[in-house]
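As written, the chains take the letters A, B, C, D, E and F, and residue 1 is the first residue of each chain.
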């Protein structure tokens, strides 16, 4: 099993969720995060004082998948999340040792 | 060492924290996340327009543990977090390469 | 490639970000989290009722790095984040299987 | 003479607007204290009462409370639908302003009283049942008690009970009804072990500020004209609010080690409650004393719920019940004919009888309101059900009762 | 006699303050309904109008709207810079208060009217263009229409159209301008598939409460004195607001299964809009009926936009356009000389002609305002551009137009 | 004659309520600008002052400020505890309203003045020391200065200085005290390198709106009756506020490229500050000019702190100090006996002497207030300590001083 973490632009979330549902992905978890990278932030001005804000709102998607699902999901996320402009984000794949479904106690693939 | 990530129902947090303290777990980190899964979301209505909200508030628990502690902790979380209703959440186990305690620079088990 | 997760004191973020930029780190992702550990929380009082709050605001830093960058980055974070007082936080290192840059589809080191 | 005085009319209209504004102010005061998942449900309780009780008051409420007396107990329905309530002053209530001005000023009191109660059953009441409860309570509790104390021919009024702006009718009445409600509805799920932090204290403080601001209309407006009495009531109102703000904060500072902002807001309300019956009968230094005492007293009164084990979510009993009772009795101590010729002297000014009369009015209100409220709620609990389902309580009233969410920040 | 009456003056000054307070109230009402990234931009629309229109009104606005009549169509510039507008009462408008008091009271109406429009193009208008639009609209639409209906010599006034406090001038006028604006500016990006949830409903409800509070100044103040008529308008205003709060919530409860707090706030505003033209001409029970109908009607009116496919972001058309039109016509039904000798009877009181006159005033305002607004906006769109860039809309108006962020919680 | 005028009394009571409401308004205005961890501490500063200064004013404050004169410098303690301050008008101050009405109206000024100062030491002052400071400052600075300018026999009053509603007493006084405080307490930890963003700008804007609303009571109420002068002051107040809103926003738009909402709110307050001393002495177009200038001037004045290196957290010096000074001098330019017979002409109306008198009043207030405030603070710093511990500052005042948290959203 693998864990996929994708950092995406927030407004792409709905589209990606729908694309993944199309792949029969049953679950995912998302977090509001802030990203720092090549994409430059913005300036805020309060009573004449300027502040440069480097951290940009992003959404982190976390999915646990069977190894078999990984390539397809990676492709789908990459294609759907892409706008072609700087700041589109990253996808990381991490190894997972075990999965448990709390409700049933099932483990492994059947718990995903 | 292992990292345990558990997605749970928010109102279970205190109970789980206490159960884990019982196992002499010294630290953990939690994040407010939103989950999408089998549990269905809710409907919101604003001036007659209905919106289906799929993402449900969950809490993510992250714990770094010595391998020896893992089975016990998994069991405790699974049992305490369980309500038996859909949406109880998942537990994932990931491998960890190294741990450092920032304050002291200690590494490995003694840093947990 | 490795993933570094660091739980730090929120007011240290800017300093760490600058130190990492010094190391030519191009990107990172941060999340507001709450930590439970040796550092004790605080008490809140509402209409005479006291509540003990165990969870303390922390910031989680996530960085994907080439293996070669890891030692230097660990050192920098540990030194910069350190105040020497309880609650300074932890650094975890996790293995990463793959990285993709969404914008270009690049993978591996060049995607970081 | 029947002439309308423009100064008095301007004053009562603006005072009515101020008292109306108190109800949304209360909505914020309460709304900030609940958990974020119940903020809208809590605000809605007050807001919908603006709709419901206005209609009730126009149709039968005003007539029952202030209409032609039937045996000292209730007003008749002669003024149903405000029939006969016009622009010409009704001299027995207020000779220099249009009758409708008096009616609308009183309406605002009829609105805020049931809204005060909502703090006790916050975070768990079923909305539909709440609507029915409100209408029944206004009809069966508020209107009669208002008639007794303020209506021409009302028996407590004839007895000589002093209640300048609603200590018994508004505060004791709602405070004791809140106790009945807390007992019938039971504790919130998790109460006592989960934390129930206020979710937005700036909102609560803003609400308290609006209440304070509006209370000038409530108390000074009760002089029913822009006269010396109004000024006197305005001054005592402000002094008592300030004194209780200070004394509540100072008490908790000594007792718990921290001066809190929620304490300041709560103290202000406690002082305003306590001065309400006394406002037009006492002088500034008496107001100072009443305020100082109210802040200390109500601070300790809210611990009652922990002792006695009921869950009065937002402390309606401790603040309005205890504060109102204290104020009504304090009126029997501090009232002075030097301040208000039409009032009476209290114990400290040589007339111990007044304290007894005040005690009767308090006692009667406590008993009547408690019993009738209890009966209404029991009946509703059996028939419609008082409380939301377990899971709906967990999800919060905002989602379960209204399909809305307070914040998407 | 030229004497200033202190009661009347006190009343109109406080009423002016209340109406001024409505504009920030509106800012909150609107601000809570947009997404959090546009909260400041939305609030700023109303707030900057306080600055802009005040200056416009002092310089030429008041003179154009209320100054010496030119052919029934517009006021001359004789009162440019308030020249000649002093403390002595101007009897033709208000005999017992200083002329400047009348001027400043009217100013507050001129301010809130363009602020109402801003709800329609929220979340996507370019700030610079918006500033220019506001000044043009006030000059070319608001001032003439105000003159026709309220100015001495205005042709609709001479026709006998009844508009107590601004049903046509304020609500129909802004409501139909909003329709024009929605059509020209187009839909918000993502409208119809992305969710557009209100980001802070407590803020919206607070805004509605301030509007309700301020509306007492708006409607009762329109009696221009603290007299019986003011009391009557005050009472009808409150009753209609309450009735519509109730009926909107009840309608959606039946129709969609949930009583919402946004519905309560919206209903209150709908009721206030509908009673505005009628406030000083109808009795309490008529107000009750107008309010009940307005709540139901406006609830369904907001579905129009889904049917017809325009994006009136915050429902200015549905609430102010439809509610105002209904109120103006309802005045032609429910008006009664028993309530206001200076008014007229409506259809239900035996004078069907009045309904026709009301319809003319409504129709004229609808057509004139729609056409002129459309022209102004088209010209601005070609010259300055009406809408922010695609990416600026995505980032939100707060960042893109003002370099600020609403919340750092 | 000693008769109480109902219109005047209604007006002054409502004006007092409005001015009272300004202090919580200020709490929001300031509260929104600090970081979220200090929101309650900041709000509490203003709120607790409502309690403290009310008590101080009742006991000795009013007597010291307005009581029987001792050598032009201070009032005696003859009116301690409001003894002798009753319902009968005190003609030398206000002949048509009860003496207590004048007293309570003035009380609200005494409350808001120290609250204004709190913006300068926000986010770092120790609560206990702050409480002591406030009482000392009111006694040693506010009361004498109020006596000099407004008290019968006060030496600046006798000199002929014009201060309609508190330019010197309220704004210059608090503004220069704020400078002293900023110097003594030192910069906030991290100031200059960490970002200090406002945490809730809608709250700040709401606060500014309440200030604007309340300022009608502040300035128009200073006419002490519902007369032509009140109308005139009301009109100039609104115009100046609007003009400065516009000019601040426009200045920063030109200078920094963006029109900000915080700029609009700040501009409004700057305009209100600047018009305060002039409100009842100048005409509408002069008010327009004063407002326009104030917006530009105060915008640049806040850069002073960056230049000079002190940390005036919420710009009390730049807005109230500079704005108040400008307004007091502008009164010496624009005042006209055509507007107020009881005032005087300014430079532009042929009387250059007035400007000199204004400059003396300004200078005296600046020097006296600065020096005495500095001494008080130094003494408190040595004895009680002015500033919270390092770690408490980091944790925020809400947790460290009050054991509360603003938001649990």
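In the analysis below, a contact is a pair of C-beta atoms (placed from the backbone, for glycine too) under 8 Å apart; a residue touches a chain by one contact, two chains touch by 3 or more.
Because the structure is a prediction, the values reported are computed rather than measured.
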Reaching chain F from chain B through chains that touch each other, fewest steps | 2
Hop count on the shortest chain-contact route linking chain C and chain D comes to 1
Which chains are in contact with both chain A and chain D?
-> B, C, E, F
Equivalent interface to C-D (more than half of contact pairs same by residue no.) among C-F, A-E or A-F is A-F
Please compute the C-alpha centroid of chain B, do the same for chain D, then give the distance between them in whole Å.
-> 45
Report the inter-chain centroid distance for chain B and chain E in whole angstrom, where each centroid is the mean of the CA atoms.
-> 51
Report, in whole Å, the distance between the mean C-alpha point of chain D and the mean C-alpha point of chain E.
-> 33
Multi-partner residues of chain E (at least 2 other chains) = 5-8, 10-11, 14, 197-198, 200, 226, 258, 260, 262, 403-405, 407, 409
In chain A, residues with contacts to at least two other chains = 31, 44-46, 94-95
For this structure, give each pair of chains that are touching.
-> A-B, A-C, A-E, A-F, B-C, B-D, B-E, C-D, C-F, D-E, D-F, E-F
The answer for chain F against chain E in the complex is residues 5-8, 10-11, 14, 18, 35-36, 197-202, 205-206, 209, 212-213, 216-217, 220, 225-228, 230-232, 234-235, 238-239, 241-243, 245-246, 249, 258-262, 264-265, 267-268, 284-285, 288, 407, 409
Residue ranges of chain D touching chain B (in the complex, touch as defined) | 190, 193-194, 394-395, 399, 403-405
What part of chain D is in contact with chain C in the complex they form?
-> 195, 197-198, 252, 255-256, 258, 260, 262-263, 266, 299, 302-303, 306, 315
Residues of chain C touching chain D in the complex | 44-51, 53
Considering the complex alone, what residue numbers of chain E touch chain F?
-> 4-11, 13-14, 16-17, 20-21, 24-25, 27-28, 31, 39-41, 43-44, 47-48, 50-52, 54-55, 58, 81-82, 87, 97-98, 100-101, 103-104, 107, 127, 200, 203, 226, 401-409
